[in-house]
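Both complexes shown next keep chain A, but they swap its partner, so chain B is in the first and chain C is in the second.
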Partner chain A sequence: MNTLLSVRDLELVGHTASGPRTLVDGLSIAVSEGESLALVGESGSGKSITALAIMGLLPEAEVTVGGGRIEFSGESLLDLSALERRRIAGNRIAMIFQEPMTSLNPVMRIGDQIVEMIRAHERVSLRAAMARAAELLADVRIPEPAMRLRAYPHQLSGGQRQRVMIAIALACRPKLLIADEPTTALDVTVQAQILALLRDLQQELAMAMLFITHDLGVVANIADRVAIMYCGQLAETGSVKEVFRTPSHPYTRGLLHCVPNASAELDELVAIPGQLPSASESLAACRFAPRCPLADTICHRTPPPTVAVSAVHFCHCHHAGGVAVP
Partner chain B sequence: MNQPDDPQAPLLEVDALTVTYSLPSQRLFGPARKFDAVDRVSLSIGQGESFGLVGETGCGKSSLSRAVCGLAPVSRGAVRFNGTDLTSIGRLELQSVRRNMQMIFQDPGGSLNPRMRAGGLIAEPLEIHGVGDCGSRRQRVLDILDSVGLSRDDADRYPHEFSGGQRQRVAIARAVVIEPALILADEPVSALDVSLQAQILNLVAELRRKLGLALLFVSHDLNVVRYLCSSVAVMYLGQIVEKGPTRAVLGSPRHPYTRELVASSPVPDPGRPIRLLAPAGEPPNPAAPPEGCRYHPRCPYATAKCSVDGPEIRHIDGSRHVACHHAERIAELEENLT
Partner chain C sequence: MLRYLIRRIGAFLPTLLAASFLIFVFIRLIPGDPAAVMLGDQATPEAIEALRVEMGLEESLAVQYLRWLSDVVRGDLGDSIFFQVPVLELIVDGLETSVLLALMTMVWIVGFGLPVGMVAAARRGSWLDQSLSGMSMFLASVPTFWVGLYLILIFAAILGWLPSSGYPSIFGEGGLANLRYLLLPSIALAAPNAALIIRLTRASMLDVYREDYVRTARAKGIHPLRVIVRHVFRNALLTVVSAFGFTLAALISEAVVTETVFSLPGVGRMVVQSILRRDYPVIQGTILMIVLLYLAINLAVDILYAWLDPRVKLR
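After this line comes the complex of A and B, so read on.
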């Protein structure tokens, strides 16, 4: 399959009152056409800021790109002008966010919001755009779409608002959908519906998806491949099946064991000791070293190598075993 | 602590409790509207028992736990704690009962006074209830800091100097410092990162064993309840639809809503995907619940009876209670459907 999105050695630097700080450190991920990749991490792992960098939505006063490349369909996004990037963002790459209420305009009817998106990228008449909007609402399984076009966001439930967000994102038939924790604010039964909807739409439209989440349960249900981040570094990437069956990075293993699991009735959860480093702490070469049970001096000094666990499974750890990839 | 005469008697008994909120009227000078967030709910928690209360947004689980400690308006029913009905006693008496009943909230940032140091925050319950003198309180605070995994130096720090997980530890220390008989915990780990959740859950489980605390644990996360609680009640639109031993209720649910909840909870195992059992849609507005069984508009097994006759919660098997007309045949009905 062709690579649609490729992020290589991306470095993002945050500018705070206490000086510059590396937020994302040498991140490399790739999404093939039609594939669903989950980007997993806790708060501060850099997963959302990576998504914003791909969309060209970084708050420039606070975060800048320190290095690396982002390529979409072979085009280097970081070399484009702001105007050229806007042609791509929203059109060929679309994004949905966690809280639909804050990303929808509260004083605009949802039909107008979908039309706005369509007409920003295509020259079509208002009437044609409105008809497309109704079709889009039907696509995201909103009942009585023609009537719903006239509703305001506050008249919809949380799940329906997220469906509207998805409809807006799909308005220009993007090749890639970036979904940043789209179900985190929803109840589980509604989350299940939205996940099923995204899965269906992704297949119907042969669209690739970059799904950002902290929930490994959601990953197991939505993604073909998974990339796990810790404090701006990639810890492990691979097919969901392999990473969940044979996790190779100590952080991945920790994450899988510290979630109470329906099948394993444990007396005690195996918690990852310590806590995420605070914004002022200096970072070890391997970010996870201070909390890692396997860490030794090399982990604090030398950045971890990329190790191939299998052809579709890579781990970034000094102690993972396997074959180092140059 | 005043021990009940009968050691078998439940510590907390909630009896047909109804919590009613007033909503603003729709017209100026119009009649005030009422809304039962919790509707005739009964449950009991034994000494040292851990009881989970699960459900989705707006199901009334938080209102129920708040009503237990007098923080939500009770319109009917009773809350008996060690045999005393809390809804019929005065403020002063209630305060002395509350010594044995402490709360932990979801957001420790909002429930800890930002201008007090951790040591002062933890000592506050001791002061309010007049436990010990200044010196013994200080010692008690230092001891409890150890047992919640904070260092003794942390006593002098302010809430903003702690991370989210540490703040929740302070909140827990504050709740257990006077050794209550019951802890009411409302989503205490939902705001924390996954790797910290496990630490806090282990801490709660450990303190519970060590101090013999009973726990009413409110959560939307079935996996957490499965780990922490021996009994569980599932709420839907203000009512308990199923309650009993956790293993039975979440392992082989008998109420269609519990089945939907279990099937749609994601597990980190690609071999066990979530399943959609109910038709697309969301729970209706809790302020205007449907007639009959409240779940019937979403229930795939609903019959004509369900839309007129709301089922009472009844005993099914073991110590499980279910509020469904079809509870006995639910597995069979589900099989026919798929």
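After this line comes the complex of A and C, so read on.
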């Protein structure tokens, strides 16, 4: 399959009062056409900021691109002008966000917010765009779509607002949908509905998806492949099946171990010891080393190699075993 | 909506009643006797005493208050002691100047304050933003009369471009061109208030700019100007509009000073002169009308707010 999105050696630098700090360090991920990749990590691991970099929405005063490339359909996004990037954003790469409650403009009708997206990229009449907006609301399973167009966001529930966000994102039939924790803020039953909807729409539209989450249960549900990040570095990538069955990075193993299991008779939740390094701490070459049960001196000194566990499964660890990839 | 209006206007009554009582009592706390002021330095104590009886000032305060109140309820604000004409007539006379002055001032405040605040926010941190912010800090901190005097000095006395004082009615000779008499006073009056609106617009635009829905708008790939106008400004306006109520209220009291500096025949100057003359009926009547106006402005702002923000329901 053709690679749609390719991020190579991406480095994102945060500018804080205490000086610059690397937020994302040499990240490389790829998403093929029609494929669903889950980007997994704790809060602060750099997954959301990576999504914003792909969209061209980085808060420039706070975060800048330090190096690397982002290619979409063979075009180097970081080399495009602001105008050219705007033609891609929304149109060919669309994004939905974590907070459906605050992600819609409170003083604008739902219909107008969908139409705005359509008319930003296509020359269609207002009437045609409105008709299309109603269809989109029907596509995301909102009842009485024609009536809902006139509603304001506060008249909808959280789940419905996220459906509206999805309708906006899909308005221009994007090739890639970036979903940044789209279900985290919703209650569990609604979460399941939204996930099912996203999975259905992704297959219907043959759309690629970059799904950002910290929830491994969601990953199993929605993704073909998974990329696990720790503190701005990639830990492990591979097909969901392989990574879940044979996790090779100590961090992934730790994460999978943390998932509560109803059948296991444990009294306590398992946790990975330690915590994410604070902003003032200096970082080890392998960011996970201070919390890793296998860490030794090499982990603190030398950045981890990329190790091929199998043809579709790569791990970034000195102790992963397997064959190192140059 | 109609029920809301009726209820809100009904709520004016207790406020007006309380205000009428306070006005009535407070002017009488100021030392000075209207009868003595009217008759001048040469008056004999007997003459003053006779006039006081004639004006009903010898009766108890409670009786005086109730008599005045019952007249007011019937729409009679009484007669001016000094001019010997109905107070209502005097107010209507001054209203043209005051209303036009207020309108022109609001035009400057809205027409200047909002766009400048928007530009400052859009270019935050730039030299333009910093000089605009510096200018608005300066304008907000200097008193209206000082700005007024300097405007007179520069544009009337030195350059001779605009008249320094007075205001002939636009309905008389000269017509609409007479509005130029209000140019300097309205600018003086607008300066500190526009500065406040600039600061407020800038601050709330910057606040809104961090909102999630602005990120959503930017993710749509729409033009940045559209993001600013339709998403940021529209929401920032909610904060600014609620400040308009305060601004208008401030205008009423600042107009008193401005009308005096520019010798404008408005309601504000009339209040000042009537206080000096201890012309009780005029002071009472005018201030009561100002209180009513203030309440009406606040109601209008609330309605405007509900119209701008669909989340607010008027019930």
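The rule is short, and it goes like this: the second predicted complex is superposed on the first by the 321 of 326 C-alpha atoms of A that agree within 3 Å, B and C clash if a C-alpha of one lies under 4 Å from a C-alpha of the other, contacts with A are read in each partner's own complex, and residues count from 1 in each chain.
By our rule, a contact is a pair of C-beta atoms (placed from the backbone, for glycine too) under 8 Å apart; a residue touches a chain by one contact, two chains touch by 3 or more.
Note that the coordinates shown come from a computational prediction; the quantities given were computed from them, not determined experimentally.
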item	value
Room on chain A for both chain B and chain C (clash or fit)	fit
Touched partner set for A:V270, first chain B, second chain C, both or neither	first
Touched partner set for A:R150, first chain B, second chain C, both or neither	neither
First, second, both or neither for A:E99, with chain B first and chain C second	second
Touching partner for A:L195 - first (chain B), second (chain C), both, neither	first
Contacts of A:R301 with chain B and chain C, given as first, second, both or neither	neither
Distance of closest approach, chain C and chain B, by C-alpha atoms in Å	6
Residues on chain A engaged by chain B in the complex (per definition of touch)	42-43, 141, 157-160, 187-193, 195-196, 214-221, 240-241, 244, 254-256, 258-263, 265-266, 268-273, 275-276, 278
Contacting residues of chain C [partner chain A, same complex]	211-213, 215-223, 230-231, 234-235, 238, 308-311
Residue numbers on chain A that touch chain C, as the complex places them	55, 57, 85-91, 94-95, 97, 99, 102-108, 116-117, 120-121, 152, 154, 165, 168
For the chain B and chain A complex, residues of the former touching the latter	56-57, 163, 165-166, 193-199, 201-202, 205, 220, 222-224, 226-228, 250, 260-261, 263-270, 272-276, 278, 280, 282-283
